[in-house]
Amino acid sequence: MADLNIDIAGLKLKNPVLTASGTFGYGTEFEDFYDINTLGAFVVKGTTLHARQGNSYPRMAETPSGMLNAVGLQNGGIRYFVDHIYPKLLRFDTNILVNVSGSTVEEYIACAEQIDDLEHITGIELNISCPNVKEGGMAFGTSCPAAEAVVKSVRKVYRKHMMVKLSPNVTDITEIARVVENQGADSISLINTLLAMAIHAESRKPVLSTVTGGLSGPAVKPIALRMVWQVYNSVKIPIVGMGGIMNATDAIEFFLAGASAIQVGTANFIDPLATQHIISGIDDYLERHKFHSINEIIGELQL
Amino acid sequence: MKKTVQNLQVISHRRLNSDHVVLELKSDEKLDGILPGQFANILVDGSQKVFLRRPFSIYLVDYNCNTISVLIKAIGDGTRILSDQSIGNQLSVIFPLGNGFILPATPTKVLLVGGGVGIAALMILAKMLKENGHQVVILLGAKRIVDLVELEEFAKYGTVYTTTEDGTHGTKGYVTDHSLFREECSSFGKIYTCGPEPMMKAVARLALIHHVNCEVSLENTMACGYGVCLCCITETIDGHRCVCTDGPVFDIKRLKWQI
Amino acid sequence: MADLNIDIAGLKLKNPVLTASGTFGYGTEFEDFYDINTLGAFVVKGTTLHARQGNSYPRMAETPSGMLNAVGLQNGGIRYFVDHIYPKLLRFDTNILVNVSGSTVEEYIACAEQIDDLEHITGIELNISCPNVKEGGMAFGTSCPAAEAVVKSVRKVYRKHMMVKLSPNVTDITEIARVVENQGADSISLINTLLAMAIHAESRKPVLSTVTGGLSGPAVKPIALRMVWQVYNSVKIPIVGMGGIMNATDAIEFFLAGASAIQVGTANFIDPLATQHIISGIDDYLERHKFHSINEIIGELQL
Amino acid sequence: MKKTVQNLQVISHRRLNSDHVVLELKSDEKLDGILPGQFANILVDGSQKVFLRRPFSIYLVDYNCNTISVLIKAIGDGTRILSDQSIGNQLSVIFPLGNGFILPATPTKVLLVGGGVGIAALMILAKMLKENGHQVVILLGAKRIVDLVELEEFAKYGTVYTTTEDGTHGTKGYVTDHSLFREECSSFGKIYTCGPEPMMKAVARLALIHHVNCEVSLENTMACGYGVCLCCITETIDGHRCVCTDGPVFDIKRLKWQI
């Protein structure tokens, strides 16, 4: 058994496998399948200051080796989370991060402030990259000044681990990554979904009620890997990589590109046990290649 | 039963007609307590065109053999590949999912209305209703006679009536054109329906008019099938609700249908 | 038989099916397979002022529903093209476009000037989006001032149809599209490949000699469709859509999103006859839906 | 023969050992003039993991039955799926591709050196050399005895020698350790080789030393297989050249190998 422990800027994880926001509910949905305390951490669903209904149906389209979603951050709002969800999370013995979104900087701040008070929440993942909401969302992650404003403001009120999740829908992801680092992010996670579209040729209609949605799954893996590698070469804070990770081999590719940990998203839908296979597969890989610790392969791409 | 991911083995493959098959899938583990109306989410492994799992109602359960059956109508790549599975193949299946129909508390005369492949959700329901002492009437509608399948199987559990749009079997017209609705609708303690949405809405309208309780089983495009992706919503009086966890069965009074 | 003729800003095509640069050689390679005069047009391989060796091996990686390439514009240079390739193209009776790339604006100009003299070449496709060259290439397509400079300059020397091919590696593709339109492009083609990366986990090496390469194939189709639709809603000049088109249904989706014609790229590798199936499939679709002409479905997405 | 895309039917499936099979594929059309060393690019239809075609040397051709055979070693998803094809299945095949080996103009004693699945390119070559009156010596190398396949088939066309790394068959060691190279290398008018690159380089070095003409058949990752993607280059004295059209067979003097 290799050493899978990893320290992400003070966030100590028993292994580098997390689940991605919006693909893991509040964790409780997986309890029938496995003990979710085996995860390095899990990230709960996108949470906003006010309750959100999300977008209308249909919200999903299958695409080649991937899918589009246009959920639009359906959630009960931070008060509902604190009152009704948080108490249920107290029984878990692993790191829990809350994914936070907002339409304005003030909303981000108000939401983060309330999470700061929750002892059992190890950190937040600041989502400045949701492509499925009309206001805010991705806009914060595709412009340097906007990213700067939101990260800086939240940093002032949130004292624990602040991971910032970047949008891949940009010309130069390293630019945004550096801004985020400079404003005090503890770590960076990427990628969120790519803005995309599906059309039903027979009915001549868009498949999604919102016309465009976010692309995820193996189709985006090569883009995600490239971005992780670029960001790894541009910032010093740790990176949490994701985008199309289906198995341990995919995960290893992200570590080599520079990710200190990874998140599993869409793969949860295909195989609810995906994270469990990935954790043991990483261990196998390390043993087979005679590495003692996961730390020995992070960023170790041989050029 | 708790939801599980299992590799189930295809142990029988029964072709009903050119595009319908019933697959019987065997588990290595003991099955218990699957509710009528629950479904299974099946992986179409290795196909280029099918990325996500495909949901199917649980058609029948055999607790002695630890098998579940699904009735599949081939309409696209996923259902075609599943229809062509050979005996012995393993399929990764997440089940049982969803909430299931609610059976009446006391012996009741009930009506089951099925259309198209929606009949798949009704077989196990008919069986359990009968086993629980209810009086079961089954009305099945289809376009043409060839699309009516498993009538004999249904007949084991209740009286079966049919309608076809072209009149080749039973009453000519839609299910709602059947005399059952005109003549004895109020005599039913409950109506259960599953099929194309327009059909279910027409049935729901009649149920409302005649003040009969009615549950419908909805379809929806699903990514996960167990409540985490929030892709499969329907509008209810409580807001957006997931068809895969809050449903697929809904009391029509909870739905915001324009009927 | 529906009417497949289409007029792209004066460029008259017998049908809206073209082949994408870099995936069709100089056309001659396909003559064993079918009569390439059946195509609306074909776009020859990326041509530069000077001969280019291209990148080292390996140049290709297979990815989920797609591939990466890092060819790097291997070609004999414009003089070689004029002297040795052009004479062989004279026998074809369909539109031929030359895809032009450069490291500097001057190179683009010099190359375009020489093509302007070739009677049998109907137009150029200005490639400001190649991700596989060290200098120039994509840089011209990811910044508005750079795109402006190159399009404006080439417009001065090139008098026939000038199609400009955009890069998808940008935050806002409509911004670049408008610049290109304002500088006198006759049409816009998109998308070129997405900058991406593949890693071989076992050897811990990048799969490509250049580390990153360009992603194409069905994996990118949802992104390409979204960009075509965005550009369609932003400019008035015609759009030629591409990215993962494998069959007629895919092509129809691009027409509905706003493309007046489409290009078939990676699909040629999977099925050399892809264009032929697409042309007849488009005709079938139009007949089945009782349209008389391809013009009736362009941009006709029902919102 | 002009290159074509055809659906060929699997008409025989011969398993040689746990990971090698020979598939015989039948065309509806008359085949003509396939050169030894040419290859076929085969579509692995419908698999999620395999997007591009996979290239295979043409192992044998039967002009009477209009079939080509390929020898496949299962090493990954594509080759595994192809190895499991059943008789009757259709495969989309682009063939014949590449340039092919050049046969000596006059009767000559030639040496064929094959390693691993590289032997696939040599069978049809051995056959045609023999049919054209050349004296054929065949040297096949492998790790272990189980990896040596089709020795009897090769024996039809020439004298067969073997080497294995563990000494379980023939001479112990690499092909270049065989006495043929020490004792009679210069007696060959030409050497043809196909196999792992280190092996081919070692053979090429000896050929150069002994001033024997030598052609090698290269492998490469290919997207198209017919010269349009420019992905499959190798360094030659004329610059980058495509293995799929300028090769796969190269005279070693054209290659920029460090040997």
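Each chain carries a letter (A, B, C and D) given by its place in the written order, and its residues are counted from 1.
In this text, a residue touches a chain if its C-beta (ideal position, glycine included) is under 8 Å from a C-beta of that chain, and two chains touch if they have at least 3 such contacts.
This structure is a prediction, so every number in the text was calculated from the model and none was measured.
Inter-chain spacing, taken between the CA centroids of subunit A and subunit B, is 36 Å.
Centroids built from CA atoms put subunit C at 34 Å from subunit A.
Between subunit B and subunit D, the centres computed from C-alpha atoms are 55 Å apart. The centroid of the Cα atoms in subunit A and the matching centroid in subunit D are 48 Å apart.
In subunit A, the residues touching two or more other chains are 61, 63-66, 217. Residue numbers of subunit B whose C-beta contacts span two or more other chains: 48-49, 51. With chains as nodes and touching pairs as edges, the resulting graph is a single ring in which every chain has exactly two contacts.
Listed by chain label, the pairs that touch are A-B, A-C, B-D, C-D. Those residues of subunit C lying in contact with subunit A across their complex are 61, 63-66, 68, 142-143, 169-172, 194-199, 201, 203-206, 211-212, 215, 217-223, 225-226, 229, 244, 249, 252-253, 256-257, 285, 297, 300-303.
Those residues of subunit B lying in contact with subunit D across their complex are 46-49, 51. Those residues of subunit D that touch subunit C in the complex are listed here as 2-5, 43, 48-53, 92, 94, 220-235, 239-240. Subunit C makes touch with subunit D in their complex at residues 22-25, 29-30, 32-33, 45, 53-54, 57-67, 69, 71, 74, 217, 266, 268-273.
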